[in-house]
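There's a structure below that I have some questions on.
Chains: A, B, C, D and E, in written order; residue numbering restarts at 1 for each.
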Amino acid sequence: MMSELLDRLVRDFGVTDITERPPAITTLKVSKENGERLIRELRDREGFTHLNFIACTDWIEDGIFRLIYMLHNYDSKQNLGVHIDIKRDHAEMTSIHTLWAQAWTYQRELREMYGIHFPGSPRLEEDFCLEGWDAMPPMRRDFDTAKYSAERFGHREGRVSLVPRDHMKVQLYPNRGGDES
Amino acid sequence: MKKTPSTLSTLENAGLSAEDQLLFSNARPRPYEPYPIKAIEDFANWARANSLWILAFGTGCCSIELRPLMTARFDASRFGVAGRPTPRQSSVFIIGGYVSVKTLKRIVRSYEQMQGPKFIIALGSCPANGGMYFDSYNTINQFDLYLPVDLYVTGCMPRPEALLGAILELQDDIKAGKCDGANRYIEHFDEYKANQKKVIKDWNMPDYNW
Amino acid sequence: MTLVTGHSAALDFAQPDPVDLSSGKYVKLWQGPQHPGITGNMSLELVLDGDTIIECKTHVGYLHRGFEKLMEQRTFIQNFTVVCRIAVPEPAFNEYLYAAAIEAISGVQSPPRAQWLRTLNLEMMRLASFLMWIGGQGGAFGQYTVANWSLTYRDYVLDLFEEMTGARIYHMYMVPGGVRAGLPAGFEKRILKLMDDTDKLLDQIERVMYNNVVFKARAKGLGVITREMVDPYGVVGPNARASGFRRDLRKDEPYLVYDQLDFNVISGSAGDAYERAYLRLQETRQSVNLIRQVIAGAPSDGPFQADMPNLLHWKVPAGETYVKAECTRGEYGYYMVTDGTEIVRRVHVRGPSYTHAIALMERLAVGTNIADIAGLMVSLHTYPPEIER
Amino acid sequence: MNLKDLLSPFYVWQRAFEKPYTSIRPIQERPGAAAYRGFHINISEECIGCGTCHKICQNDAIDMVRVETYEGRSGDSGLRPRFDYGRCCWCALCVDMCPAGSLRMSNEYTWITSDPTEFHFTAGVEHTTWQDNPLGYHRAEGYHLYPPKRIEMEMLPPEVSVQSFDEVVAGYSEPQALLEADRCIECGICVATCPAHMDVPDYIRSIRDRDYEKGLQLMYRTNPFPATCGRICTRRCESVCPVGIQGEAIAIRWLKRFIVDQIQPQDYARILADQTGNSGHRVAIIGAGPGGLSAAYYLRKQGHAVTVFEAQASAGGMLRYGVPSYRLPDADLDKDINYIVSLGVDIRYNTRIGKDIRFEQLLQDFDALFLSTGLSVPSSMRIHGEEHPRVLSGLQVLADVASGRDPGVGQKVAVIGGGNVAMDAARVSRRLGAEVTILYRRRIADMPADTEEIHESQEEGCHIVTQAIPVEIIAASSPQQVSIKWGEAEMVQDPKGGRPRPVLQEDRMHVETYDCIISAIGQGSDLEFLSKEIQDQLAIEWGKFAPGEYQHTSLQKVFVGGDVANRTADAISAIEDGHHAARGIDRFLNPDARTHTDQEVN
Amino acid sequence: MNSVDEILDYAIDQEQQAADFYADLAGRAEKAGMKEILLDFAAEEQSHKQRLLAVKAGDHKLTPEQQVLDLKISDYLVEVGASANISYQDALIVAMKRERAAFQLYSDMAAKVPEGHLKEVLQGLAKEEAKHKLFFESEYDDRVLRDN
């Protein structure tokens, strides 16, 4: 049954990269343009009535954000992950807040954590978890949280740690071993 | 009895809108001055030590151990400890572990609303040196930069017994007149405020919450 | 009483127009984050008409620690200690799901004994969590005696956790590949004794709290989730079961050893706070029963950890997975993406409170009496730390 | 609403008569559980300061700090973990990971202070009330964060290996090597112990990254004999490997070998890309063993012209003439040597200093000299009848076999000695078809030979007779045979301490006849090529040189190294001597230029 | 030689002779390293002599009853000559052999005299020499037989 469905999705929505993943999910990829339509179809026609979550993975090396919409069909107990790649430098996606009540919350989160825009999504510009945030969206891969924390919050002074291997070299054989080149 | 320092200047309250400026006091806080007669002060400290009312504001993970502490098994009530829903009635603020920037703002506000003498117990690693979240972009690493801490309790999280131990220790310290955190805050008010404002970016409240 | 604004129908997700406060007819009230009626730290921005709520906005983020970011800084084994902190009152599910996600991607199979011990740990967690929730629900309706009982019993469960895992709250027991230790000597005897006592306690709680006329009067009809609302609002777990759905991941998509245990999915129909509360009481009993079954079925020897590579620099192969488990509040899930390095690429934690405490809460609060808001919130059983992570 | 509902709350009263839940003295009466994860305990004596706890700690809660008491211990960095309880989350990963097993946790948990900087302590060094607490968390049996067992090495079965001189050890396959390399915890304790200070953790990491070319480059930084050392190194690194404390040490030697085996000789030049300039200086090296050639390699990289004088017909020294090919095949030795030679090293074979060229001549002709002549004179037992023609020296037997000559050991052989030469001579004799008895004056545990070699020779059918002291060699009835008289020994503890000494039991003597007796009780240096005056200037102790820092001697130009100048007398030490001498020679030749490649003390 | 003092004088003289022997050898030794070692040997003999002088003066008592470990190493080694280019191994053999000969001498003499103080002194001297022998044999065991 699943294969029939997938065949149809390939035909009608041009989905690609269909992958079975352990323990029991299927992921597929669809274009940004067909995304909202596909998800609506899955919810209304195919019984994927449950939206588990919306999340995003930053593939900075490819210049994309990969959105994942995880859907579940309670009757057939199928899990379907819909991947939608959007450009990092033009991070925008169609809002699905009319499909599920919790969708706009996820979209608010993605807006705050990744800077992805969802036109029309309610309360999108409100602070979600952060307050008065003045740096790059923190979940982006190029945001260095350790550096930010050290600069803004500091650490208690008085701690020094030595590296055993380097310490032993200094103590026991300073002029030997691999030469630095 | 208490005299107002003559050098008292006013607070700027720059974070408030013009109309809100009118709603809040701009007076600087004053330190608590002990009763001139030692016996009276000692008696007051004895009374304070035996009625530690904790502000019911669980600020992080560690506050989950406050519930066992307050219920039948550990029964903190017998040590004169009670939870209060409002800062106005509380004398002890328990910082329950990590403090996010957003919570820090509420902590500062709640703390300032508490009536002196007031005390802060910080639980766990996080307030001491960042703990598990030392590299998090949203939690502060040294709580004592922002508010004065009277006692630290180690653990992640500290058990109710450790918490009880801290309360007993706090009682002893209060009776000995050693807990001067609140006065430290007033004396170094500008430093604390600067540290608070360094991390709380949308400062839209009065500089001191009377 | 008529609503001046707000949702026209249950399934209209559009945001209500903001209430015009300038009329002076309505009062805006902030509840939390410093408020005893709120579980964890959340705040509700309420607009009241008299003592009736006409608008509710939730504000979260007071407990945001950036876990998902922190996990992208740490190795796989290091994260094992981090994840339990995501849901403070119920950390074990995080541990299990984190381990399960890694095991799914890497193909590591935890040995049978580890699976039984994990099940035991999870059911003990469920029991402890429900006992805490009972205390919270009792407290929200002014019944502090019950809270004193149930929290004490929760503490007894924590004592057992301490023996089993070495810690009361953050057990850090379910390591990827298995668990960290077997059961200490005499553990079975002690837990069975506690289960007998807990049964008696639950009977007493039912009598004192659930039959209490005040509790009934306040909880019945409060915060009704209709059958139609369940899927569109992403309602799961006891909240969905109380509205008539027989959905339980332990049965529907069995994990660990749940397919070898004998239990039925409990469901109700009324969908109100009382139904949810009563359903949770039954599930607490069910959990006691499951613990007895696990103790009887768990093998007492054999390995409890799979043969693992060196976890200090383990490179989990590139992959992606979503694993889920039925926690006390419903579907708890871990979505994980790995890229073949020593550090995870992305973890998304799906906590049931995310939907219950925001979209659902904002909807259900409308029309509720201000005095019942804490009771409503508790009856949805939400944990803010898992919302904002 | 019914009456029952109205009355039900009053059931709470039924509990009024029950025993209260409340813990009367909670702080005193509730210690943590037996396995509670409380405050840290470190047994500092057992700790080796490997820093693995620091590495696994996700909270950066552990610092490694100097504790002077423990500095200078073998296999110990002298550092100890210092905990920051402003960071710790009591996960006990440090305990689980601790390879020494010195770290655990007590079940104590209360620490209250007004000063947050107090939460720093060096467990086991600073006094804590919980250090001696027997309860608390420790790693459970059967739970590991890294595999404690080594990947077993495939070897020829002894009944097959004894048939030929084929290499006994198969070498790891790639999957095996990856698994074994994975076990490394990268502490780097081994680096200090390795005489050549090879970058062990780094080249093991290169295996995990499957970047074998990088691995080769890393090895050549400190050792131009990786193919050789990958087979026959005495691997002191493994003896201090922390993983070996509670499990089996990482097979560092086999991993080194694995990397070299992955690379073809013709690719060396491309991968290593060694630059050899021309400094205008000429250096003579006496002895083409590991020490001499190691010096040659690094001197060539520094741009000096190198001439090596070798008495034998081939290069390699003991590696070629002392180590049998079933342990080190010629092809692998040649892999190392050929690469060194390919950098433009001029080797003069069959040239014996003192006979073909005078040492003084070299002193005159070259800018610097490196002596690495090794130990080539077999020690004498000094017992009666030793000069019997059927008493052979172990070194000679090995050299004969290496050169393709038949040493003529016969069918029944006795080997005297317990070192590697004795084991090799015995195993070579087995391969030549002889029945072999090894006579050793002490116990097996006292044998200086590698335990593996002892084990393998036993497997191959060598009969080891321990506590057997030879007292006399007696001519046998046939000139092709020889008899040995030996007495049993009792091990007696010397009251002054030290290892027990064997005492001959004169009432328990044996006489046995063999086709030959191979004496392999050690070897000494041959310094006859040096004139008395020069010997007097070179500070020779116990027949060995005593070089200074940078391997120099009191003769300005002369540097020494290898077995003839160190106490350990193994290949890896010789290699390091050569490397270090090259540094010394470079400093000597370029006293002003800061081209020295050695790292200054920072 | 039948009085105790005579015996002791003889023994002291013997130690002096041994010291002279090593000093002489050291003077002729070709290798600088061996020179030092032989001088060490001479010093060792001098210390033996001092000990016996102390015995004679009554400051120190011989202990004929004590057990001395006999490693029996020198017993089976060949005699070596004391040449100028003597090796360390051979020097040790020479020393062991000398101590062994002295030990034998005193033992034999002790066997011939009747029970009494004299016999005890001779036995005590034999034990002294046995200790000296052990000193050199231990050195041999540690150095020469190190790898064996």
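In this section, contacts are C-beta pairs under 8 Å (C-beta built on N, C-alpha and C of every residue); 3 or more make two chains touch, one makes a residue touch a chain.
This is a predicted model, so every value here is computed, not measured.
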item	value
Intersection of contact partners for chain D and chain E	none
Chain of greatest Cα-centre distance to chain D	B
Chain centre separation (chain A, chain D; CA means) in Å	49
Geometric centre distance via CA averages, chain D-chain B, whole Å	59
Interchain centroid distance [CA atoms averaged], chain B/chain E, Å	85
Whole-Å gap between the CA centroids of chain A and chain C	23
Shared-contact residues (touching 2 or more other chains) in chain A	129-131, 138, 143, 145-146, 156
Junction residues of chain B - those touching two or more other chains	72-73, 102, 128-130, 132, 134-139, 142, 156, 159
Which pairs of chains touch, using the document's own definition	A-B, A-C, A-D, B-C, B-D, C-D, D-E
Residue numbers on chain C that touch chain D, as the complex places them	74-75, 77-82, 143, 145, 148-149, 152, 159, 162-163, 165-167, 170, 172, 175, 178, 180-182, 184, 204, 207-208, 211-214, 216-217, 303-305, 307-313
Touching residues on chain D, where the partner in the complex is chain C	1, 4-6, 8-9, 11-12, 14-15, 21, 32-37, 52, 55-56, 58, 89-93, 96-97, 105, 137, 140, 142-147, 179, 182-186, 208
Chain C contact footprint on chain B (complex, rising order)	55-61, 64-65, 67-68, 71-73, 83, 85, 87, 98, 100, 102-103, 106, 110, 132-133, 135-139, 156-157, 159
In the complex with chain B, residue positions of chain C that touch it	33-36, 40-41, 61-66, 69-70, 73, 81-82, 85, 88-89, 132, 135, 147-149, 151-152, 154-155, 158, 168-170, 385
Residues of chain A that touch chain C when the two form their complex	19, 21-25, 27, 49-53, 55-58, 68, 70, 74, 77, 79, 81, 97-98, 100-105, 122-123, 127-131, 138-139, 141, 143, 145-146
